[in-house]
Amino acid sequence: MKKKLKELAEFVGGTVAGDGEVEISGVASIDDAETGQITFIANPKYLRKLTETRASAIIVSNKVTAADRPLICTVDPQLAFTKILTLFFAKPYQPKGIDPHAWISPSVQFGKDITIYPYVYIGDRCRIEDRVILYPGVCVGEDSVIGEDSVLHPNVTLYSGSIIGKKVILHSGVVIGADGFGYVKDGKKNVKIPQVGKVIIEDDVEVGANSTIDRAALGATIIRRGVKIDNLVQVAHGVEIGEDSIIVAQVGIAGSTKIGKNVILAGQVGVIDHLEIGDNVMVGPQSGVGQNLPPNQIFTGTPVIPHRDYLRVATTFPKLPEMRRTLTDIENRMRKIEERLSIKEKEK
Amino acid sequence: MKKKLKELAEFVGGTVAGDGEVEISGVASIDDAETGQITFIANPKYLRKLTETRASAIIVSNKVTAADRPLICTVDPQLAFTKILTLFFAKPYQPKGIDPHAWISPSVQFGKDITIYPYVYIGDRCRIEDRVILYPGVCVGEDSVIGEDSVLHPNVTLYSGSIIGKKVILHSGVVIGADGFGYVKDGKKNVKIPQVGKVIIEDDVEVGANSTIDRAALGATIIRRGVKIDNLVQVAHGVEIGEDSIIVAQVGIAGSTKIGKNVILAGQVGVIDHLEIGDNVMVGPQSGVGQNLPPNQIFTGTPVIPHRDYLRVATTFPKLPEMRRTLTDIENRMRKIEERLSIKEKEK
Amino acid sequence: MKKKLKELAEFVGGTVAGDGEVEISGVASIDDAETGQITFIANPKYLRKLTETRASAIIVSNKVTAADRPLICTVDPQLAFTKILTLFFAKPYQPKGIDPHAWISPSVQFGKDITIYPYVYIGDRCRIEDRVILYPGVCVGEDSVIGEDSVLHPNVTLYSGSIIGKKVILHSGVVIGADGFGYVKDGKKNVKIPQVGKVIIEDDVEVGANSTIDRAALGATIIRRGVKIDNLVQVAHGVEIGEDSIIVAQVGIAGSTKIGKNVILAGQVGVIDHLEIGDNVMVGPQSGVGQNLPPNQIFTGTPVIPHRDYLRVATTFPKLPEMRRTLTDIENRMRKIEERLSIKEKEK
């Protein structure tokens, strides 16, 4: 595919600075781009690379108005680049039908233009909607639903009764609907609490490789529209994650916790059970959340505190041994002063 | 299924307060319960919901003796509820036999009433005992044993020589018996230490989705009877976990460490190698265990300290910047006092 | 297999102390070894076990020159033991060919002496080189390459375009080449950034069970020769890990970070995105790396500081509540002294 720069500018709603007739045949990063390719600079600190790159055109912010190379100037260079990437790389979907080496219950209902690869298993009474793609080794438990245009990559497992929305992407090894982790002691023995709820994943959700989302004990674990979950994330039974939230790799969310909308949990964060995390909250990496968090704030640390406070605390950590020595020193000097002034123990 | 309340009370060893003739046809949480359903309240702080719920009956502790609705009063409401849940949801097991789309070595020995789904692979000389269920995509390496009534969910892998006890549940994506992580330097190169041991999982163990339990270098990694392991947990080579212990999601236990009986490791805890953790120890979430822990205590923190101490330390963290400022202030004031008293450097 | 002790000593480049004619028929740990077996002691603190073990011979360091049992004395007892283990346990490779229950695109190119188990899927235009072993449930996406002598254990997934070197071992559930976690906000919505790069894994790499290595957004995620990665590790898009580095279980490395050569990241370490970690760096368990790290040093903590400093900081943590009390006490005493000396507020 080839596009003129002015066509791309129009496509992303930007303006051309320089020669709009330049032909673009590909996209690449600023360091790897070659003649004929377009790249982008989102962070102003990389603007010096404008003169170094071999790209034929660069997408920049509106603050840049000219360079010795053709530009697309736009409000959000990364968003514009993403749209152009999608334009260049999106392949038209070609349904492959149902491979004869898949095992499919006779009671499964299919939409149209499905792709089912070999070694897929689909249990009784499932509904697989239009243009769904199930890669090799996917196992769909009975009574599950997979909405239109969703893609389940190789070796994904849905336990029975899982409800998957439209345009959902589940990456390899994702496990949806395994039993929540619930036991009650009967003497010394751990008695399993039957996990009879389910998992509901709404539209436009993406779940990264080998992440796990457990079914609720009762009711449902719910991942709302537009949530994006990275790899190796644990979502326990009864959790609800609000719309458009971002859950980064290796986060763990314990049972029945409600995460608000548009929340960001950075990598390796842990959140204990039965909490409420407000809308638009951000939690820094490796933090431990042990209490409800009000909306619209940034938190970091174990246990979490407001991020601004955390920064001050974190810079104090390395000073602790010195502070301790100073404290001992001061105590000694104070004793000396008290002696000098004949201040006695009971007076202190 | 329908049961009278008095029948359920007898089943769980509780007593009825109110109308024991009420018919119960289902179970639900306190918030979702409808007429005809039974629910429970374990935590006294939710007792106010007694009047709000639409449930036809509620299981409560013996301390509650009456309400405007029929009750089952019992020592442990959650245990009683669990028993009733199990009663309502347990389905009689219907063996499905061995699907012709499974690949099974001729040397495998089977017990009776087996269920093997399509795309299961069972290697040479395995023994699969009575009523075992192997879901699609399960791979059982040669010379493995799976005990009576055990269930391996989709895409579980057992490496060769794995020994699985009775009534064991392995959730999807669990990997048992992969090589332990052992190398020795030969110059700059990491030379692999052959991992020639195995994994033994005793009866009544449950392992959560995508958890990994490595084979020992020599000897065995052992998970004792009744241990419950959550999702995405790492158990390294040569670890032993004692009876009835609970290992919460994303915990990592390094090589050769021995965990006692009835231990609880909360989510995201890390334990280094070659340690001994005593019986009945509890470790709080995200803690880092770098030393042996004596039995019967609660620990938290990185590195762990007794939990009571940790609480005090954790509340001090946010005060650190203020403490540092105070310290500087005090030093200055002290210098002033010393000047006033003509205390000289060498006297301090 | 049986070997005389003197043969084994020669094989590992060590010297015999005692009877070199002893016949060795197996290997075991110091505690489990029986007559006829050889064991080793690497750590001098276990030398007392020299007299307790039932082993017929022990591999020790050159500092030990005699015992009441035959010895192999060598520079590196663990390396010598590893070589002998490999000698006793290595089985000659017997190719099994391609099982008819595997699904293989007609355009796949095979080397010789391949082993492909049932329920393997290999997409279009892949190249599978000599002596590769693909276990059940492995899925190889189109346009991938797997180099000579590599082994993919059950249920491994390679997304399209993955390049795997020679003598690579991927353990069960490993996912190579899933989409990196990249979105750009378009209003409130998270728009997916197409991940059009790939993953390159060089020779002699081993990746532990259920670890995930994402494809780059553009360009490649690269795991260099000899890197060893443990279980449940997350390697994000665009990361590069230098030769011979060791990444322990549950580590997470965020996007575009470059890890040097011969680095060790201990268990559960998190590294944020776009960093550079120097050669020969070691990072202690559970640490959080938020800045570039210079080479040849050890770091620990969240955020990381030099390990030596960390040890002092960590021992100060438990003293914090006491330090705080002391500080309050000192403030009070100082106020008293100031009163006595009639030092007024403004003088302080």
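In order of appearance the chains are A, B and C, and numbering begins at 1 in each one.
Definition applied: a residue touches a chain if its C-beta (ideal position, glycine included) is under 8 Å from a C-beta of that chain, and two chains touch if they have at least 3 such contacts.
All figures in this text were calculated on a predicted structure; none of them were measured in a lab.
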Superposing rotation of chain B relative to chain C, computed on C-alpha atoms, to nearest 5°: 120
Fraction-based call for chain C against chain A, same above half, different below: different
Averaged-CA centre spacing for the pair chain C and chain A, given as whole angstrom: 25
Multi-partner residues of chain B (each touching 2 or more other chains): 119, 137, 155, 173, 210, 232, 250, 268, 286, 302, 317, 320, 323, 327, 330, 334, 337, 341
Touch list for chain A against partner chain C, complex: 27-29, 32, 76, 78-79, 82-83, 85-86, 89-90, 99, 101, 117-119, 135-137, 153-155, 169, 171-173, 206, 208-210, 226, 228, 230-232, 244, 246, 248-250, 262, 267-268, 285-286, 302, 314, 317-318, 320-321, 323-324, 327, 330-331, 334, 337-338, 341, 343, 347-348
Complex contacts: residues of chain A adjacent to chain B: 103, 119, 121, 137, 139, 141, 155, 157, 159, 173, 175, 178-179, 181, 183-186, 188-194, 196, 210, 212, 214, 217-219, 232, 234, 236, 250, 252, 254, 268, 270, 272, 286, 288, 290, 301-303, 305, 309, 312-313, 316-317, 319-320, 323, 326-327, 329-330, 332-334, 336-337, 340-341
